[in-house]
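Next, two complexes with chain A in common: one pairs it with chain B, the other with chain C.
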Partner chain A sequence: MNARGAIAGLALIPFLLAGCSREARQLASDQPQTAPSGPADPRTARYAANFYQVSQGGRYFTWYGCGDCHGRLARGAANLANGSRHAVEALYTAIAAGQSGAHSDYAARVPAEQIWQMAAYLHDLSRHEPARNRRNALDQQGEPQGNRWQGPLQ
Partner chain B sequence: MSPDERERLHAVWADRPGLLGFLGTVDHKRIAARYIVTVVGLLFLSGMLAIDMRLQLSQPDMRRMGPQQYNEAFALHGSTMLFLISVPVMEAMALWLVPLMLGARNMAFPRLAAFSYWLYLGGVLMLWLPHALGITPDLGWFEYPPLSGPAYSPGHRADIWAQMITFTEVAALAASVNVVATILKMRPPGMTLARMPFFLWAMLVASLMTIFALPAIMLATSMLIADRLVSTQFFAPAAGGDVLLFQHMFWFFGHPEVYIIFVPAVGFVSSIVETFSRRTLFGHVPMVLSILAIGVLAFGLWVHHMFAVGLPRLGNDFYTAASMAIALPAGLQMFCWIATMWSGRPRFATPLLWVIGFIATFVIGGLSGVMTASAPLDLQLTDTYFVVAHLHYVLIGGALFPLFGAFCYWYPKATGRMMSERWGVVAFILIVGGFNLGFFPMHVLGLEGMPRRIYTYGPDMGWGTLNLVATIGSAIAMLGGIVLTGNALISLWRGKPAGADPWGAPTLEWAARSPPPQHNFEEVPVVTSIAPLWRHGDLPVMTGLATDRREVLVTSVIDAVPQYRHHSVGPSLWPFVAALATSGMFVASIFTPWAVVWGAIPIGVALVLWFWPRRPRSATGPLARR
Partner chain C sequence: MAGAAAVNGGRSPVPLVALLLTGCSGIQSSLDPAGMQAGATFRLFELMIVMCGVMYGAVLLFLGASVWRVRRQLAAAPAIEPADPGLGKGLWAWGGVIVAGLVVLATGSFFVERALAAARAREALQVRVTGHQWWWRIQYRTPDGRWIETANELHLPAGRTARIELGAADVIHSFWVPNVAGKMDVIPGHTNVIDVSPHRLGWFRGQCAEFCGAQHAHMAFDVKVDSPAAFDAWLAQQGRPAAAPADAIAARGMAIVTGGACGLCHVVRGSAATGRAGPDLTHVGGRRSIGAGTLPMSRGALQGWIAQPQALKPGTMMPAVPLDGADADAVAHYLETLR
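For the complex of A and B:
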């Protein structure tokens, strides 16, 4: 391999490593179960843009019936769909405490881990293709759907 | 043949030196050797994964691996063993042996063989490079949807697994087509189908099975990738899809695959038994018929992998009966081998020891197979360690032991050196003993209810002792594997020179020099019996193939009557380039569907240049003057 090839190869490494952290799968028990401590919380990097955490966040978004008010693509109340413009910890606070008193008690009712994941989901949402969201929803039809759940698929 | 002609023949078949010669070679022996060296490396890696998992399970409540790591370990171990080791190594043995056993100079499609290896290597890298970066498939060696679907396996782990399958299956199809064409059209004069050695029958049947079985799984994994990438709904029940479709298609491939691995092993065993019993195979015709029966029956019993899914009762009954029926031809083969040894004058060299280890181990695996083939019992045993024990008994006992025997048997032919018999026996005892010590307790663990694919278990379950025994046994077997490999490596320098036919074997490959020159044979042998080297001290030959260009003989399918002299293509870089372009397309297509469109262009260019016709007269004839 010549020198230019070596440099090109080295230049690729950060992208590959970034790809890896997106693929990482850290389970809840490895994480402290607390709210973000501020913008410098190291957990932000572990949740944001991580495939597994974002996918789990989407799952809880459905389970808790968030879509009932916010819409399935979160374009309804408070339009959350442009979450990427907000920091993950700001989204965390918005879910945990609610705005204008809508769900001020979620911090006490929903585990911190799941709020982290939902925050990561909203942060990522604008980058999702609608077709893929619909496809995931098909797979998850047998899972809880907020208040409208009819039981598992027959 | 005059010394002059001999020199010309050497020059015509020689590879270029250097990197271009390395990348462009179409020598079936070099290609097969690459396959085998890659497989040995992977066997070591995959064996280390197994030891890692066994250490984790050796005691209750171990914490050295978490659940995610354990999932990755068994998924990587299973996928490597089934897709990157077992099937490819059998094709590699065919690529190496079939032309030699036919007295031919190369395969029917030399460049396709090269393409097959490069693409296989792409599959190896597809699975193991991401693993080095921490992205490992984690759903086992069969990744059922919906678990592997978009909603439950985010990221690219499942895509990597599915695309690795595409790589290896394209490579396997390329190799199989090549083997079938070579066996049917390139047999030497006189080797009618009735006089064809049993090994070639086994390879023919296994290759035909590969051609029929593999498209099913390529379709299934491609549909899975489509579900994940472009949101199709093949496996989404809520939209009218069917998750069971994946299981059916997977096992329509998966069960024949077990026999694609086992049937070549039957060929190895028969060759070894014949040579070391010093008589032709007892019941050659029933053996051929039984292997054909296995080839057909193997496609009719995939559902026994799915008894626990909840199928109609009649379906379970039918597939129970079909599964038990396959024990008949398999049992018949056992009796034929025993009868051959019984009525011959057996010489217990290491290859024959491996055969005996195979018979003992495979019979146990076959019996636990009859047990799991019974639907009511299977409902109890599904997903327990009993299944783990069964599958390792049939795959290691039924395929790897014969493979090790074949390795010891043909090693002198490939290298020109003998392996040490003493260390061969040591490796045999360590591997067979360690294997049985390691895996037999798993039958009991399974009956006690230990589920497979758990990363740990509590002390109150009472599985600790047997698991510790299993771990010790696996470690002993691994040690034996290292002795076997070490013996092979050291014998390359220290082994005694072997000569052309060290075992006194009957088939044509032993008429070539050891190691065989690039063109294998100087003249085409003529065959008058099923054991040609036992019939003639000096093999009759057919002359007339050119010595100044690469030529092979093409004969008729049934009677092997010479038909024409065929120009065999020479070295070329284009198979490598085509494999590279195909790999690029496969890798990119897990990220964007457009890769299929744009990736087709470089593949098309590479294939056009690969197949670009060369007309000798265009350079020398009247056209050249214009």
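For the complex of A and C:
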């Protein structure tokens, strides 16, 4: 490699490293305890812009069995297979209480941090092509879904 | 070690070696085999140590002899050594010794592999172990075709061969109970099988042996080798649904487990808690530890784990559940009574 190429390569490194912070996670015990206070809540950006929080949201969406009603075969309920275009704080409210109180006890049963993560996940899903979302769903097939466990990834 | 050497005046190395070897026995050691597979691998290891020790000794011997010879020649009359007709033969003989050693090791390895493979014909119990971030789901197949589930505590009957089928729900893990058998990787999308034939009763420790994320080190499990009769009784007991709460505090705990956050991810068979994402809690009080070997089982440890799992095992998938002190204690008491 000539000198100019090496310099160009070195100049690229900061841009590559910038990608690493998108998954940064804090292993501290400062989980949110409350719902978003509004569109300007600083936690919204912390969850929606962080890939680790988004992917955790996907796991809890699967584990809590949300796909039973909101998956590809959503019957009556909103099909969320490709996400939702609502804002994160609106999604939080929808998960915690549901339309016309359909989720009336979810806010009491699901800890606030998991609702934050699922809201960020649904918000993020809508930004991708359906093919990528189907791929994500395939990767999560080994995970338990609600009260079902179909065995490990085969 | 320094103390032992001082007591002996540095004369005898034996106590020193004995002291070093005490690190080799224990509940998580492949140098203290308690099963057929671990024993066979350990004998191969011994063969390798003896073979390599002999070779190493021979090399040092030749080195010492040549140094001694050269020093003697230098003292007498420095001269260039003439072409030595014995050197060629000596090198050929040395090559022969190396090949013979390798043949012995390869033969030993062949017989150990054969012994491990022969266990497949004696499989008497089917167990399915699934690796999750960061705990182990363990399921036993009963003779009548049911599956009985537990977590993070593997019981095995002594003198019987168990076929352990390994699957992963998320990423690559590795199943390792060094006292009983070697490692076997746990791969998503593929079922690996390892046979284990333990013969010594007791408690051992298993550990995930493939880095699998933040809490890989806290992905351990207890292993209990029981007599066949005790194992059958244990399995029958594990198959029963959970006992009804015995007192008012336990009843309050049960109401929180089934109606609160716990039941979304954990199952207590015989109750309304039916989640499958986390470990089965039907007989959790009978287990030795919680959080996949993170803490010893006790009411206090359960309470701390429920209140703030992220402080005890940062990154664990178990969320912190906001409960006041009395409620957390009631849940801990209920879980402790689930034996």
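Methods note: the second predicted complex is superposed on the first by the 107 of 154 C-alpha atoms of A that agree within 3 Å, B and C clash if a C-alpha of one lies under 4 Å from a C-alpha of the other, contacts with A are read in each partner's own complex, and residues count from 1 in each chain.
Basically, a contact is a pair of C-beta atoms (placed from the backbone, for glycine too) under 8 Å apart; a residue touches a chain by one contact, two chains touch by 3 or more.
Owing to the predicted nature of the structure, the values given are computational and were not obtained by experimental measurement.
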Go through the superposed model and pick first if A:A24 touches only chain B, second if only chain C, both, or neither. first
Would you sort A:Q33 into first (chain B), second (chain C), both or neither based on which partner it touches? second
So, does A:L153 touch the first partner chain B, the second partner chain C, both, or neither? both
Looking at the overlay, does A:P42 come into contact with chain B only (first), chain C only (second), both, or neither? neither
Can you pull the chain A residues that chain B and chain C both touch? 25, 27, 59, 142, 153
Given the complex, residues on chain A that touch chain C span 25, 27-29, 31, 33, 59, 63-64, 108-111, 113-114, 142-149, 151-154
In the complex, chain A touches chain B at residues 16-17, 19-20, 22-25, 27, 51-52, 54-55, 59, 129, 131-132, 134-142, 153
Could you list, by residue number, the parts of chain B that touch chain A in their complex? 66-68, 133-135, 138, 146, 149-152, 154-157, 227, 230-231, 233, 236-239
The chain C residues in contact with chain A across the complex are 128, 130-131, 137, 167-170, 188-189, 191, 214, 259-261, 263-265, 267, 274-277, 308, 310-311, 314-315, 317, 319-322
